[in-house]
Amino acid sequence: MATLKPPADPETNARVKAVFDDIRATRKTDFVNNLWRHLAFDPALLERTWGEVKALMATPSTLDPLTKELIYIAVSITNGCSYCVHSHTAAARGHGMTSAQHAELMSIVALAAKTNQLATALQLPIDKVFDVGA
Amino acid sequence: MATLKPPADPETNARVKAVFDDIRATRKTDFVNNLWRHLAFDPALLERTWGEVKALMATPSTLDPLTKELIYIAVSITNGCSYCVHSHTAAARGHGMTSAQHAELMSIVALAAKTNQLATALQLPIDKVFDVGA
Amino acid sequence: MATLKPPADPETNARVKAVFDDIRATRKTDFVNNLWRHLAFDPALLERTWGEVKALMATPSTLDPLTKELIYIAVSITNGCSYCVHSHTAAARGHGMTSAQHAELMSIVALAAKTNQLATALQLPIDKVFDVGA
Amino acid sequence: MATLKPPADPETNARVKAVFDDIRATRKTDFVNNLWRHLAFDPALLERTWGEVKALMATPSTLDPLTKELIYIAVSITNGCSYCVHSHTAAARGHGMTSAQHAELMSIVALAAKTNQLATALQLPIDKVFDVGA
Amino acid sequence: MATLKPPADPETNARVKAVFDDIRATRKTDFVNNLWRHLAFDPALLERTWGEVKALMATPSTLDPLTKELIYIAVSITNGCSYCVHSHTAAARGHGMTSAQHAELMSIVALAAKTNQLATALQLPIDKVFDVGA
Amino acid sequence: MATLKPPADPETNARVKAVFDDIRATRKTDFVNNLWRHLAFDPALLERTWGEVKALMATPSTLDPLTKELIYIAVSITNGCSYCVHSHTAAARGHGMTSAQHAELMSIVALAAKTNQLATALQLPIDKVFDVGA
């Protein structure tokens, strides 16, 4: 159950309809997932959020689409966001993530969390060689 | 300042020396960074940790070395690990990360954190289409 | 499902009954939510926790009741606590939070998470002007 | 030390200069803090980030400026972002936060973290009464 | 629902069967919980993970088995991992955790989170006396 | 540098002096660390915080003093609180933590973070056997 009730008929709002249409066109699917259906309660927030997701995730750039999804999943796991882990794992599969890559992603995310804990437990001084300004 | 004093002369211990030698050989550099110098206080912990880092990060696999470092940085930022952000940003540069890719990595990590918060604030129900078992 | 079974008949314990009565009187409702029903397994922990919540959240102070709930929700989202996001969103609505304020709260929480990630990714030096002791 | 070297003379870039000028005009100060000086390495990221901060934090809305800063600090503390805790505590003081309000903010942030842990330790079922769709 | 479908008949894979057999022998039970059933999709990841859990958690060492589970629960609560809070609370009960100890664990985890927030809010300088290298 | 300037002469305030005296008597040392020196800016917050720390950490209970400190450190590492990692590692040493126990604590904290990530990445369904109410 969500903390707010999504609009029953969101596309009667022209701004919401425009965003939903753009989501469908960009992703080449009729499906609009729950994040957007709930954000529709505030059309300005919906527009801003979709605008940013589209610009960064659905526009050719210096990183390929699968790499971008892997980074997104890594953050979502670390933040413990169930919804986001599900939606971006699905997106990564849509961009061709194999089972072996999924296992490797999980292994690296888990290893990073592990060495993060060790470094924090040790309160390590940062090596001078890492100083880009030096 | 760290929470423990690293061994003053770690390579007098044969197990530590073997790990340090392998770090140098694997990375083709004489430099051994502070994580390993501090973990040397417990040779078994040092061996296990380096063994895992080497197997996952320094062995050819289904993800390329730069992608692996980008995932590592994403987790380290989200966990707020200063040392790890520094060391893995340096490693990503060593694997060819450009300034534009660095900016894009930061943008995606920041966007993921943002939509993680929105999804958690909304307590979104997970769309049925994401259910791989359905 | 919880990690412990709440007492079936908690108010047979006089200390639990006193806390539940105080919750009802303070909140002017017969409803006692699951946090308190589960903490009833340890009356001392129940008393301490309710005492602190009452003193900080249900007593007039320098911040108004709605602001206090917004701060509480912000922390609960960031910690990924589903139960707390639900209960404090409900409490904020009880203190008059409008839909527009809810949207604004989410927007700020999401923006803060985003710039937190940027600042951590950059490992920014703290500006001297922020030093209150200087 | 940061993970990248900020441009030595950022305002020779017209896009950076425009953002810095807008920061100074909006905040009525000559001071431009390190977040913006470092983001200047990527003018597009700088523009997007400042645009969002300005729209949400420096524009009249349904929440007053001090409340917005308190929410920002709460998230920044919970994410453990040193730079952000410093910069937004300074901003809150600029918006009139008193020492008593600062103490109360900290008390609520600490209490929320505490009850978040209790709710997560207990894995509490969410009360039906919190279901806005019911 | 999980992000991947666990193998329907995992023990037809000899490596998976060997791990499951070792889990049963080590824990003296026929029950193999969902973590291992899902990790079976990648036998190498399953072997590495179980190997590490067995070595640290199921081998006599300098900390007693209950203390190790209490530490594990504390991390799992703080990371907001529902599955892990459930499985390790069950494990702690299996090692004799009483209801009073459970209440005390929760109280300390909650107090630590609280003072963590205060220390981060204050951005405390570290006392010189804590410097082990001084 | 801290976000507030601690009182220059805190013990001229009788409530602060009483807390500081109790800290010294309880810990049998003249040293009062920075957490308390900074919380002295708000005597009520200082009193409440010390009262809770003393009751839980410095009073005989169902867990021994070293176990309590290990739990405290585990939470502090996971929350990334530098000050707390330092102060509680020092406290654990004061209660007899050996170097081998320190290594083991770090190993378990790191392993827990690792399996937390795996469980969250997999979005594991909770095994029925963990249901205490079933």
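Letters are used for the chains, namely A, B, C, D, E and F, taken in the order the chains are written, and counting of residues starts over at 1 for each.
Keep this in mind: a contact is a pair of C-beta atoms (placed from the backbone, for glycine too) under 8 Å apart; a residue touches a chain by one contact, two chains touch by 3 or more.
All figures in this text were calculated on a predicted structure; none of them were measured in a lab.
Shared contact partners of chain C and chain D, listed by label: A, B, E, F.
Set against the C-alpha centre of chain C, every other chain centre is closer than that of B. Relative to chain F, the most remote chain by averaged C-alpha coordinates is A. Centres computed as Cα averages put chain A at a distance of 27 Å from chain E.
One simple way to say how far apart two chains are is to compare their mean CA positions; for chain A and chain F this gives 34 Å.
If each chain is reduced to the centroid of its CA atoms, chain A and chain D end up 21 Å from each other.
In chain C, the residues touching two or more other chains are 1-4, 48, 52, 75, 77-82, 85-86, 89, 100, 105-107, 109, 111, 113-118, 120-123, 126, 130. Those residues of chain B whose C-beta lies close enough to touch chain F in the complex are 1, 3-4, 41-42, 44-45, 48, 75, 79-81. Partner chain B is touched in their complex by these residues of chain E: 1-5, 48, 52, 126, 130-134.
Of all residues in chain C, those touching chain D in their complex are 1-4, 31, 33-35, 38-39, 49, 52-53, 56-57, 61-63, 67-68, 70-72, 74-79, 81-84, 86-90, 98, 100-101, 104-105, 107-109, 111-116, 118-127, 129-130.
Residues 80, 85-86, 89, 99-100, 102-103, 106-107, 117 of chain E are the ones that touch chain C when the two sit in their complex. Interface of chain F with chain A (complex): residues 73, 77-78, 80, 82, 85-86, 105-106, 109-111, 113-118, 120-123.
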